[in-house]
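Below are two complexes that have chain A in common, paired first with chain B and then with chain C.
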Partner chain A sequence: MTAGTILSVRDLRKSFDVGGGLLRKSGTLQAVGGVSFDIGPGETLGLVGESGCGKSTVGKLIMKLHHPSDGAIFLRGVNIAGLSRRAMTPMWRKVQTIFQDPYSSLNPRMSAGAIVGEALTIHRIASGAEKTRRVAEIFEKVGLRADQMGRFPHEFSGGQRQRLSIARALIVEPELIVADEPVSALDVSIQASVINLLIRLQKEMGLSMLFISHDMSVVEHVSHRVAVMYLGRIVEIGSRRRIFGDPQHPYTRALLSAVPVADPAARRRERIVLKGDVPSPIDPPPGCHFQTRCPFAQDICRKVLPDLLPTGGGHKVACHVRMPDAVA
Partner chain B sequence: MSATKSIEAPNDEPATRPAPVLEVRDLCTEFRTKAGVGRAVDGVSFTLHEGEILAIVGESGSGKSVTSLSIMGLIPDPPGRIAGGSVTYGGRDLTRLDEKALQKLRGNEIAMIFQEPMTSLNPVLSIGRQMTEGIRQHTGMSEAEARKHAVEMMRRVSIPAPEKRLGEYPHQFSGGMLQRIMIAIAMSCSPRVLIADEPTTALDVTIQAQILELMRDLRATTGASIMLITHDMGVVAEMADRVVVMYAGRKVEEGRVEDIFARPRHPYTRGLLAALPVLGTAGEVGGTQLNEIPGVVPALTDLPNGCRFSDRCALSTDKCLAEDPPFADRVGAHSAACWHSDRLAPTMEATS
Partner chain C sequence: MQNRLEKAIALAGAAHTPAAGVAPSGWAVLLRRMGRFWRSAMSNRGARVGMVLVTVLVLVAFFAPWIAPYPPDEMGAGMSLLTPEMAYPFGTDEFGRDIFSRVIWGARLTIQVGVIAVGISLTVGTLTGLVAGYAGGWTERILMRLVDVVFSFTETLIALAAVAVLGPSLSNAMIAVGIAAIPFYARVAYSVTLVERNRAYFDAAYVQGAGHLRLIFLHLLPNIIPPLIVVATLGVSSAVLAAAGLSFLGLGAQPPSPEWGAMLSAGRDYFNQAPWIMIYPGVAIMITVLAFNLLGDGIREALDPRQTV
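Here is the complex of A and B:
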């Protein structure tokens, strides 16, 4: 952790007991199995992976919506991993979240202005006319009109509701935003405007952001650095340029080559189509978690779990068989 | 390509066009709502040809799914009804067939797969039972023959140990495996037409790649025609031979996939393509802005006069606000419903 680091996550772990209900075997589901990363000031770290890889759990652990099983979460140098929810309250000024579904994350009985302004009261930042002024200001900032403050969530479109969620998160001037699939529920034409807004506000306010998404194209567009997760672990992390331009982990390469490209001329590109499904996180395979689907797996991969090791330039990869420069 | 509104097919079209399999003409489907009657599909026409993959693309509320449900006779009545038009298959108008005749066609000659495989399968019946039921109903095979055929179909969609898995239940399969099962069921009676409504939207991208490859293979080996309904321009680019773009219940553009992506003739199509972040093209963060389409899709019960896209369109003129642009149908060619198609710059790639 270097000075000025906003968020520093060290060996974060979370396991859930999976009940032995009807027809299901009981066990421990390791959703996050030792994840470490840093986010610097004004930096966006994209966290990508497929369903069940643990990316959303990482976000929830940082937001203290789940209690970590082990590991540390340093927010501006303070370890919040063990803090109770009450002790966390003052920390909510520093870290705020934006969820995927703007429909279910806004209280339908509160006006838009009250939803956005609530945190100002909770943190005793402003009240009365000053509060109204600040809410109006943030409304304009996210592309809503101040005269819409009296409206209720159902009177807004999906894109506008996500702007409301952004306003609610930003009004306390946090240092870090955890955005979990913030544009996944939106149509493409609306998604574009929310992405543009997030990037603009981040620059203006110098925000740090953890941007969790399954969409590689969106992550590439918004992130300075990117971490790729598979079955609860980071398999590769590095600059956006490195991850998208010269990925070293076979899973990153497969993930990238599986993304449908909106250009019919790209059909003839090289593609790695992975066989099979993601193994169950209750019963992960021995050795490297990716070995059951990896086209390059060797004996060692079936026995030893590879560490996430630096390759230079802040890039790290967890693979015994480092990829050659070009896909064979 | 010339911009004249000729009714002849241009020369670059293949001389022998594949035969039409399914023809949708002026389809209108209405729903009664509290706010009034909304036309979810309003005068849509297109043709699905032998062995082709036709993509119907649009955002929420464009009418693409209602179009596919109308073709299959699956519009719940009330509140919905087919208010006009025809769907011709094998010389018959499907909109005029009774439920019994439709049932004979569905799953047999025209099969369908949906977005959520989990909700399309019965959770308390084994996969084998659900697969053999349809096969026996449509082919008159015996139970043993149908099981053998089901195993063969499961093998074709690459399900490991099919004999064993036949006895298992839907919850024992992953989402990708269930979608394979749905495709196996859909293809088990060798349909001539497969209607796939967002078949990979609920799946992870590596599983999506497998399912798309499987659909391409099935088209190649069985010669089935596929109508692919999707919101994802990436999937369209990977799969389609031809594309129909829908907006607010209307067809706004139709053409070969290469033409649609390189030279869109409707501002909405062009806007959609420019709104997409494209993998491998990002510069510095914040360096390039994605194209925004201002506003929202109009409510079907409260449509603007003139062009339905006019209030969101940068090219909009007084004419657009006053007069609804007709679909400039150039037979077999690339056409759009826009007064200003010729003002659109030829390609998006030029800017990136």
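Here is the complex of A and C:
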């Protein structure tokens, strides 16, 4: 952990007890199985992976919406992993979140201004006219009009609702934003404007961001660095250029080859189609979690879980085969 | 920029309640939504009929001293068991009291029973279910198992036990009926709370640092009210019926109170000679119960998402 690090996650784990009915044996679902990464000031880390790979759980753990089973989360050097709700309250001024669903994330019985301004009251930052002024200010900042403060969530469109969600997150002037699929519920035509708003605000306010998404092209657009998750573990992490230009892990390659390309000349590139489904996180396969679907799996992959090892330039990959180019 | 901002703020302030500043509270919204919802409920014919009957009942209760031709307990010597005629539209009872006046005065007691009994079960039940659903864990288990215990007794049995402990009187009957109905409200409040607390706005408020009270009363409560309105409306009719039943058994209102259930009970002995002593209070109970059932069903239909656009 370097001095300038905003967020530092170390060996974060979360398991849920599942099943356990009268007649069924209960099991443990390891949603997050030892995840580590850092986010620096003003940096965006994209966290990608398929549904159910645990990426949203990582976001919820950082927000303390779930309690970590093990590991540490350092926010500006303070380990928040074990903090109680009360002790966490001041930390929520430093880390805020944007939710995926712009419909259920706004209380239908509160006005837009009340929703956005609530944190000012809770943290005793401002009240009365000063509160109104600050809410109006943030409304303008996210591209809404201050005279819309008295309206209710159902009077806004999906894109506007997501702007409200962004305003709510930013009003406490946090240092870190956890954006959990912030645009995946929006129309494609609206996605770009919301993403660009996020990028602009990030630059203006010097925000760090954990951008969780399953959409590789969106992640490529917003991220400085990218982490790829598979079945609760990071399989590859590195700069955007390395991940998108020279992916090492077979899973990353498969994800990238699934991104549609508009250029017809590029259509004849290799296409890695994964067979089968993601294995159950209740009963993960032995060895490398990816071995059941990996086209390059070897004996060692079926026995030993590969560590996330540096390959130079801050890039890390967890693969025994390490994807030598010849194989591809 | 600054100027534009101030103008906008002024506009926002002018358009909405200035007292609340940025925040017309969740309750203001609830009221506004209720207006819209009300119109939708009133488009149902049954609900309109129910509403008219309930309004009539309330008006009759309120203006009882002016409507009723005689005081409810004024006895007339030599005028007992008169058949209905112009001077006594519903006839008289064994003491020569005017049944019509007594039925009208009884409306007051019925309204009281409805409001107080439902008030008790609605308040206690909603809070129980809300807290159980919000807190989870042991609090939830203990509260809901307690509710289940109360649920497993029949309402009348609980009411009987409560009256046995507190003594027979109309106010004790109201309390008893109120206690007996708590589980219904608690169950509904609990299940709706579970749904609402899994919505993202709850998590959002949580990570804003909202405390227990704020989460419960500002975020959850306004969102669980609508289904409880249905239960409460339907609950009025069962409370009225249960209280009348207790009074009929002699465990509620005591003579000479013009409570409808007590009047039924008193008229039993004279049913062969003077059936009107029992018929009119009985009809009054029936109409009241019907009115609240119609209203409740109408509201439920208006709330049914399949019928709302």
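To be clear about the criterion, the second predicted complex is superposed on the first by the 313 of 328 C-alpha atoms of A that agree within 3 Å, B and C clash if a C-alpha of one lies under 4 Å from a C-alpha of the other, contacts with A are read in each partner's own complex, and residues count from 1 in each chain.
By definition in this document, a contact is a pair of C-beta atoms (placed from the backbone, for glycine too) under 8 Å apart; a residue touches a chain by one contact, two chains touch by 3 or more.
Everything quoted here is computed from the prediction, not taken from an experiment.
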Partner chain in contact with A:258 - chain B first, chain C second, else both or neither: first
First, second, both or neither for A:109, with chain B first and chain C second: second
Which superposed partner A:65 touches (first chain B, second chain C, both, neither): second
Which of chain B and chain C A:309 touches, first, second, both or neither: neither
Chain B/chain C common contact set on chain A: none
Residues of chain B defined as touching chain A within the complex: 59-60, 171, 174, 176-177, 204-210, 212-213, 231-238, 240, 257-258, 261, 271-273, 275-280, 282, 285-286, 289-294, 296-297
Residue numbers on chain C that touch chain A, as the complex places them: 5, 8-9, 11-13, 15-16, 21-26, 29-30, 33, 199-201, 203-211, 214, 218-219, 222-223
Partner chain B, residues of chain A touching it in the complex: 23, 44, 50-51, 157, 159, 187-193, 195-196, 199-200, 202-203, 214, 216-218, 220-224, 240, 244-245, 254-267, 271, 273-275, 277-278
Residues of chain A defined as touching chain C within the complex: 63-65, 88-90, 92-93, 96-97, 99-101, 104-111, 113-114, 117-119, 122-123, 128-129, 131-133, 135-137, 140, 145-150, 152, 165, 168, 172
